[in-house]
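Note that chain A is present in both complexes that follow, paired respectively with chain B and with chain C.
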Partner chain A sequence: MSEPLIYVLDMAVFVGIFAILAVSLNLEYGFTGLANFGKVAFFMVGAYTSSILANMGFPYLACITVATFAAGFVGFVASLPALKLQADYLAIVTLAFGEILRFIFKNEEWIAGGVQGITVPSAITITGVPIQTMMLIQLTIVYAALAICYFIAQRVVNSPYGRTIRAIREDELAAQVLGKDVFKYKAQMFTLGSAMAGVSGSLFSQYVRFIDPYTFEPILTFTVWMMVILGGPANNLGVILGAVFVQALERGARIAKDYLLLPVDPHNLRVMIIGILIILILMYRPQGLFRESKVKTPALEVASKWKKRS
Partner chain B sequence: MVVVNWLQVLFNSAVTGSLYLLAAVGLTLTYGLTRFPNFAHAEFMALGAYAGYTIAEQLKLGFPYSFIAAFISSAALGAASYLLVFRPLTHRGATIIHLMVASIGLDFFVRHLIKQVWGGEQLSFRMVWPYFDVGPVRITGLWVALILSAIVMVGVMHIVLTRTRLGKAIRASANNPDLAMASGVDVEKIALVVWIVGAALAGVGGLFRAADTRLVPLIGWEILLPAFAVVILGGIGSFYGALIAAYVIGLAENFGVVFLVMFKLSTDYKFAIAFLILILTLILKPSGFGRLFGEGGKVV
Partner chain C sequence: MEKTILKTENLTKSFGGLKAVDNVTLTVKENSITGLIGPNGSGKTTLFNTISGVYKPERGKIYFNGERIDGLAPYKIYEKGLARTFQTPRLFQKLTVLDNMMVSCRSHPGDKILNVFLKKRRWSEEEEKLAEKALEILEIIELDRFKDKPASELSGGQMKLLELGRVLMTEPKMLLLDEPAAGVNPTLARRIFEKITQLRDELSLTFFTIEHRIEILLEHADWVYVMHNGSIIAESPPEEVVKNKVVVDVYLGEA
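Let's look at the complex of A and B:
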């Protein structure tokens, strides 16, 4: 009876989790022009850190906080060797980093169960409550986290700082000539983006209640890339809508497969669609569905009012 | 204490190095010419391996035919990738990040198409290769064929690059595309030739890897990281740099595995060896061996 409701709630939770990732990638790629091809690595650090701590009996607030800092720290360290170099090196290094990290979690059983994976206690356990209510609570937690991340991202990009990182994206040399420490800004954005990925990973692990190394394959990174590219790089609201679209598409492909009896494996079909769509968007609408958001600052508002008056 | 047959390890390094060379030559040349790392290169290897498998195991033709099938099918995929995806994107003014993301999209598409056609299960070549012992070293016919292929490839590439008009045009396009164009070189045609040849060689590499170990849809992806390490260590776009780097990484990996076993670590970590070399190159000398061969590091 209420199965469609559960399905919709489940999808909404996933949209929220992925929207956090999309906002974080948007800070790195959309605003700063950093090609992070290893988003999944920092998501993974967040998920595993949070799960291990939760299994040791720490309260969830501690888990998610430590997971955020751990992912941010790993992001900072991982970015150091590659940030001084061009975009292509960063892409190769981060992609490889994610794969190596996954191999470590797969092979070192003492960390978190290796290939067997690890079960995670949920953030909140209330007995005797219907599943819908539990999912509503989950939804609230996830969207509260998304709101915080969105707020931080908006504050960062609509500030003098935000204009600097956009300048770095547009022309690194020009930004350097103006005395901006390009490397410092890039490292800070990468760290912030990774920390947000850690938040998302922590929420993900406590929601699905089980993680193993196969959860963190590179396809996850590129699902997020697709959200950003589809939604519109450098538009925080756009990438959140991108997350909605991509989730709807993924689930739609699964449902369509069941009804149309396509002789295709649903997972293969899903990934093939994502691959083709990425190429088509880059070819026909590289700016995404929504254009880059204009910078909004209090000073700008005053200036525009003043302009109108005169 | 484990007794290590060091000569065997040395020979295995030559085998691994030859494989990485075949895999990485196309990657480094297309990187130099089209100026972005093509992540879909992994699937050039995978398609060649699967096409070769179909010919050798399902149609029961011999290995030479599957060699040809791998060469041709991957060449076709390379041509299609360049003509249908990357050239139009470049014409539309795509940035390097766009091109990289598109190459990942292409990679996922092709890999899951392969999975759909051949299934995701592990396949293996049932072909039996003759083997013989030279002193303490065991050598199989497949390894000899692999090393010979690499040697022939290096010889042909060397002659083409240094002695022919095509080679001159390739070097010119890689060094300075605008100047090459101004001198009447059809840079896009040259790029197409390089994409085709590079993909075909990768297909052959994939086939050898599959015949030597096993065949899974991830086969190309598994070689991609060492191949990138070869490209970076050798200097992007440098053929001779890649030649040295491939064998350096072959040595590092095979000797590294010995140490991994000694310290009772998983041999899966041999991927980390290539990664470590990649990172160290980026920190210490981002141009790799490229500068050894002419100024600017762009000499193919």
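Let's look at the complex of A and C:
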């Protein structure tokens, strides 16, 4: 396989991993209105859990399953105090939570090597295949996971439940008065979103094969936010395309750095371009590239027949 | 029409030094249309906010169907069958008119996270039935044409109507309506009160209604409370309220 092809495959894997994060943040922020600025924390829990298990010799399926539940559980526990807070405070608290968790992994060497990080053995036991084949297998697994997460997210948002979480996002007090136990819905979405981030973290660790605390800095959370805001909050397909777009920019900048001679460091250029894009989007198209998707339930069909009747 | 459905005892709620609701004791009879009138700022909305759990009362008790409900979360009070509307509509702006209606329905099987995955067929059937019901209510309040519009695009009066339509989806036992006819055109305002009376008769609902459009309210109410500076200053059948000297002084004015 030629080098450019490997490059494309590599990018495709990263797009998939980040798209899962974008879908998970979309459930929390786009649909439920929860400003989770600690996305990386749950990604990190997934990555570390999966890596520790892989080092103990567990197969991939076990690693990713346990990582998912671990991240979901941590999300659930973190949500209990955090969701009692108002929106702005939630953002600050989740941001801090991610950093605290990262410092724990950094300072407690016995967990996973501290600052040294840990190498992650492949949990896929196929011997003697060339690297390209391994990449294709990775790619398939990542996209299968993305497909499942997308399916779950779509099913959730296109249901009466999905309508309720959107209502909570729009007006929490009105939702309460109309009988919704707002806290319960928020905690459920936070847990589900965190579990998905755990899936993504597990896939990531198996792909890069080495993780350390510096992998999980807050910038990772912000990258996912960019994907959601650019793509269009409350549109699952939109945020996946947002992931493609942001990744392409990031990769493009790296290629430019290697092959082009520019007066600015292309890596910084990328940050500037994304910054400018975000400002432009927020000014001229605050709903993102894609509009909020409708709540697709059988009610739509009933309503369309009604038009003909009257 | 004898049983008491709602009762407050010495209910008090203040903002800083201001006693917005001051030692209010009142009862609402089951299956009645009870009015609540009084000048601007007399505490009517605050009283409703306290009864519906939006504010916690500082003092006093609230009984609904003989059960204490003061201090309960708003959604728990809703579950007991007591629903309310807001004076300034609080719609779910980005949701469509129809979704605003649908979100308000009581105990939808599809509103539980596990059922979303496990019981799609069951909730889909229920969803269709509820959509029919929502559209029928929308037709009454003349909003069915706008069913697919986001609520944010409605006019002020239409928002008011949707606020009312939404609460009719909740299958309540009793409704607290905060000025349901404010900002609504005269014919529709009348129709709203006719509908309220009809719902009271057909579904044995109870209504406790704030309204400044006195002529319409008095035509339909069975009993009227008058509030002033946080206190109940009078209560009587509607035809007597207009003759009450104190009420005329503080609220109605000389005709």
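Simple rule for what comes next: the second predicted complex is superposed on the first by the 278 of 310 C-alpha atoms of A that agree within 3 Å, B and C clash if a C-alpha of one lies under 4 Å from a C-alpha of the other, contacts with A are read in each partner's own complex, and residues count from 1 in each chain.
Here is the rule we go by: contacts are C-beta pairs under 8 Å (C-beta built on N, C-alpha and C of every residue); 3 or more make two chains touch, one makes a residue touch a chain.
Remember, it's a predicted structure, so these values are computed and weren't measured experimentally.
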Inset, instruction - For A:139, decide between first (touching chain B), second (touching chain C), both and neither. - result: neither
Inset, instruction - Determine, under the contact definition given at the top, whether A:161 touches first (chain B), second (chain C), both, or neither. - result: second
Inset, instruction - Could you say whether A:182 touches chain B, chain C, both of them, or neither, answering first, second, both or neither? - result: second
Inset, instruction - Would you check which partner chain A:289 touches, where first means chain B only, second means chain C only, and both and neither mean what they say? - result: neither
Inset, instruction - Pick one for A:298: touches chain B only (first), chain C only (second), both, or neither. - result: second
Inset, instruction - Answer with first, second, both or neither: which of chain B and chain C does A:173 touch in the superposed model? - result: second
Inset, instruction - For A:35, select first, second, both or neither according to whether it touches chain B, chain C, the two together, or no partner. - result: first
Inset, instruction - Return first, second, both or neither, reflecting whether A:11 touches chain B, chain C, both chains, or no partner chain. - result: neither
Inset, instruction - Would you mind listing the overlap between the chain B footprint and the chain C footprint on chain A? - result: none
Inset, instruction - Provide the residue numbers of chain A that touch chain B in the complex, in ascending order. - result: 29, 33, 35, 37, 81-82, 85-89, 91-93, 95-97, 99-100, 103, 106-107, 218-219, 222, 225, 229, 264-265, 267-269, 271-272, 274-279, 282-283, 286
Legend entry - Of all residues in chain A, those that touch chain C in their complex: 152, 155-156, 159-164, 166-167, 170-171, 173-182, 188, 192, 292, 294-295, 297-299, 301-303, 306, 310
Legend entry - chain B to chain A touching residues, read off their complex: 36-37, 39, 85, 88-89, 92, 94, 96-98, 100-102, 104-113, 115-116, 225, 228, 232, 265-266, 268-269, 271-272, 275, 278-279, 282-283, 286
Legend entry - Complex interface listing, chain C residues touching chain A: 52-54, 73-75, 78-79, 83-84, 86, 90-96, 98-100, 102-104, 106, 108, 110-113, 115-117, 123-124, 127-128, 130-132, 134-135, 139, 144, 147-148, 166-167, 170
